[in-house]
Amino acid sequence: MRGMRRLTVISLLILGALIFLFPFYWMVMVSLGKPEDFMKAPPRLFPSSLNLQNYTEALRYIPFFRYFFNTLWITCMVTLGSVVSSSLVAYGFSKIKWPGREVLFLITLGTMMLPPAVTVIPLYMEFKAFGWLGSFKPLWVPAWFGSAWAIFLLRQFYRSIPDELLDSAKIDGAGHFQIWKTIILPMSRAPLAVVALFQFVWSWKNFFGPLIFLRDQNMYTLSLGLAFFQSRHGGTEWHLLMAAATLTTIPTIIIFFLASRYLIEGIKITSGFKG
Amino acid sequence: MRKLLILLMTFLVVLAFSRSVVEIWVTWTGDEYRIIEDLVKKFNQSQEEYTAKVISVSNLAVKFTTALAAGNPPDLVHANDQYIAPIVAMGGFMSLDDMNVNLEQFQDFVVESVKYNGHIYAFPIKVSIFGIWWNKDVFKKAGLDPDKGPQSLEELVEYSKKLTKYDEEGNLVRWGFDPLVPQWNWPYVWVYHFGGKLIDPETGNITIDSPEAVKTFKWVLDYLKNFGMEKVEKFRGGYGPYWSASNPFVSGKLAIFYDGDWVTHVFRLYAPDAELGFAPLPSIDGKKRCYVEVDVFSIPVGAKNVEGAKKFLEFLSKPENLIKLSGGQLSPLKEEYTPSSFFKKRRYSRKIMEVLKESEMFFCPKFPLWHLYLEEMDNAVEEMQAGTMSVEEALKTIKRNLERRMRKGK
Amino acid sequence: MSRKRKELIAGLIFVSPWLLGLLLFHVYPFITSFYYSLTDFNPIKPSEFVGFENYRWLLEDNLFWKSLGNTLYFVGIGVPLSQLTALLIATGLYSVRRSRVMRTFRGIFFFPILVPEVVMVLVWLLMLNSEFGILNSFLKFLGINPPSWFLSVTWAKPTIIFLRLWFIGTSMVIYLSSLNEVPEEVIEAAIIDGASPLKRFFKITIPMISPVILFNFIMDTIGTFQIFTEPFVMTEGGPARSTYTLTMFIYTNAFQHLDMGYASAAAWMTFSLIFVTTVVVLAVTSRHVFYRG
């Protein structure tokens, strides 16, 4: 009976997995095919020929490389900023005792519940006053001031580091910054990697931010460029669009294969599990 | 010290001779875009002060209002006469009364269309005339007179039925006529063809719920129901991009098409051998009417290089330059100012001018909330077709929502 | 300087980027948006104070009510469906947790969350196209007459809910972790007592992971209340505004109609709604949630 049940579960999981993977299969198949293969009812299940030129055409159809580098630039700046600032801030919330620390931390948690829709309009006007509208700054500068959930995650981690480790350094006269740089930072490779990965993925996917804050078409990110790809030519060249979509998904796939373990660990830790 | 001075002088000299940029936003893509790009190149070569840069912007309306809000609009923006009133009301366009351009050369109705509240707010570029088009070959094969279009609404329905083809399962393979092609329709135009108006010219009231308007959409819905709403929905899903060989009209999915005269440009690119017929969309009272739109360039409030923008408009106003932008069949200029090469290159311009002589031209009303009117109308059209609202309800909703906005603005 | 003083200064220095960021990018905008909601504010014209006028207009605006209704639909139907799917998949993975394939399966179900939503929407538009979409061809093959999915007023919202099922990766991982933490002894005891697997699931497992279910529900609810990208890219809020959401209402009014005061009022209504819903959910479920020691 046990075996029967196990078999059922595995079959269902296989079915589920196939369904989950199907859209990606379709995306790649259409990207490799000719329009005639798929713009008919019923469409073929795989292309009649391998049309890799769709990929080169897609690169010219939309300014793919430009969008790619825009997205990469913004995302790297966000990732770097989050890692550096959140680590510093989390240290301040965990390894230094000062009055008001817990209250401020609670407020920090509160901001995680703040819907972006509420703050976006004043943020827009703020950025306008700073003269940042039309540049990439609104998308990456705030990350350098820290990110609430990253601070939370790192604080959890730092709290688990025993104070005795720091005491010997303190006795030797090291200041907090020294301690942070020479002890804490090297120890936090794993959680920092988690922060970096999450911020990278989030920034790579981000649609709303670029939609609101970017002005010139040549500054668009991939998400934005893809979304407008449709209306650009008064209709859709699906084989090219799917090629562009596949290219956009590749960095994500790379991250997945290299680092999904970290991401999953990170989710566990943030939600309070021991991981 | 000497070296520094020389460097500084060089820098200042370069600065003095460097050109300032004029940023131009247009909605055109593909072939239409190439034309304006060439003109911009010509402008840049013709003088030393300014470098114009033209950018094709998708979703221009949205991007433009956003840029206005951000305080960094382009120096020139491509718009349509419909949007002059709303954007001026928003405080978005500069007055061009002092533009150094010969307005005499334009046809009278063109000059009228760029005026609002007594001032000029736009520079006219081209004129588009709307009506029904058909492929003469397709008509011939169906046994219809290729040179004469349907003269009445009844004939339109008749022709459409004759031209519609089905497959073995009863699905549409070719449809005679789609009165509301998704994302490429002008629902308000139909109201005029049924003798109605969108705004009462005397009171300024919204008249979208008038009996004529109700009749209009009931007629359209009945027409659609005749072919089956589900079948229509499915068929529409297969329409290809407009500027491509899979344009539903070019590819033969639709036999009769309501569109502006730029459709001849599409055919020139993707089906140059086809011969098109043109007639005004029939009206319920038998009168001949044609909807006309005027494309314009305007200078946004907050533009950084107003001088440069005006210089470009001066350059563009020269007839030999301006008519290049008229990809359709009509010239915005009076006949005496239009170079004869214009008519030679356009197969249908004489025919269309003949039609125009017999027809009454009409335009969009100049209404400060026109963008909202369009939004509400698009939504109402979707609701009516989906059956979620009756015609009367949908039209009343447009009126109610607009009146609420009008009251709010006060 | 006293030790305490030194620590305070050090603490503040370390926390200063966040402090500044908090004020600049969270607190100030939060308060200002309320102020904006009380004004008639167009960014290129001078603004004027109008008190609660905007809120009054909102309540009369049937497009606002429609956005609200649509958003509540997404929350009320989408969240439970997504969570159920995530839990089911997690349970399935849990039951094969010792096998080598578990990691692979987990990866497959987790993967889509790394993919930009825009990409998923575009693939959906292709797959669910009424004429040449693969789904409709498949359904026709089975003898079912399929609707025109995102072109249909009835089916557009369900289509989006269906799409969002692909994004259950985070919830699923959390459920899986929580299942792993249910102490084996409790399950063993139940098995000895003769409880059937179904009974064990509902009487023991669910209560033991109830805090996590609550957590996931609340996070998903807050997120879904703000749904924007999918309806915006897929159908632009159509057809007939059937997928027009609250965030789209805010976006359109703020950045297309340049009516920022009005949009801010709508944003505050949305926020209040999210807040009230969260509080209510927490209150109502507090009795049923079992927090371990």
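Just a few scattered comments:
Every chain is named by a letter (A, B and C) in the order it is written, and numbering of its residues begins at 1.
The working rule: contacts are C-beta pairs under 8 Å (C-beta built on N, C-alpha and C of every residue); 3 or more make two chains touch, one makes a residue touch a chain.
All values reported here derive from a predicted model rather than from experimental measurement.
Considering the contact criterion stated above, the chains in touch with chain A and with chain B alike are C. Counting C-beta pairs in contact across B-C and across A-C shows that the higher total falls to A-C.
Centre to centre, using the average C-alpha position, chain B and chain C are separated by 40 Å.
The distance from the centre of chain A to the centre of chain C, with each centre set as the mean of the Cα atoms, comes to 17 Å.
Shared interface positions of chain B, i.e. residues touching 2 or more other chains, are given as 66, 69-71, 238.
Looking at chain A, residues 39, 124, 128, 212, 236 sit in touch with two or more other chains. Residues of chain C in contact with at least two other chains: 43, 131-133, 255, 260.
Interface of chain A with chain B (complex): residues 35, 39, 124, 128, 133-134, 212, 215-217, 228, 231-237. Contact residues on chain A toward chain C in their complex (touch as defined above): 5-6, 9-10, 12-13, 16-17, 20-21, 23-24, 26-27, 30, 38-43, 85-86, 88-89, 91-93, 96-99, 101, 104, 107-108, 111, 113-126, 128, 142, 144-146, 151, 175-176, 180, 201, 204-205, 207-208, 212, 222-224, 226-227, 230, 236, 238, 241-242, 245, 248-249, 252-253, 255-256, 260, 263-264, 267-268, 271, 273-275.
Taken together, the chain C residues at the contact with chain B in this complex read 42-45, 57, 60-63, 129-133, 148, 151-153, 238-242, 255-258, 260. The touching residues of chain B, counted against chain C in their complex, run 61-62, 65-66, 68-71, 90-92, 230, 233-238, 301-302, 371-372, 379, 382-383, 386, 388-389, 397, 400-401, 404, 408. Here chain B touches chain A in the complex through residues 29-30, 55-59, 63, 66-67, 69-72, 238-244, 246-247, going by the rule given at the top.
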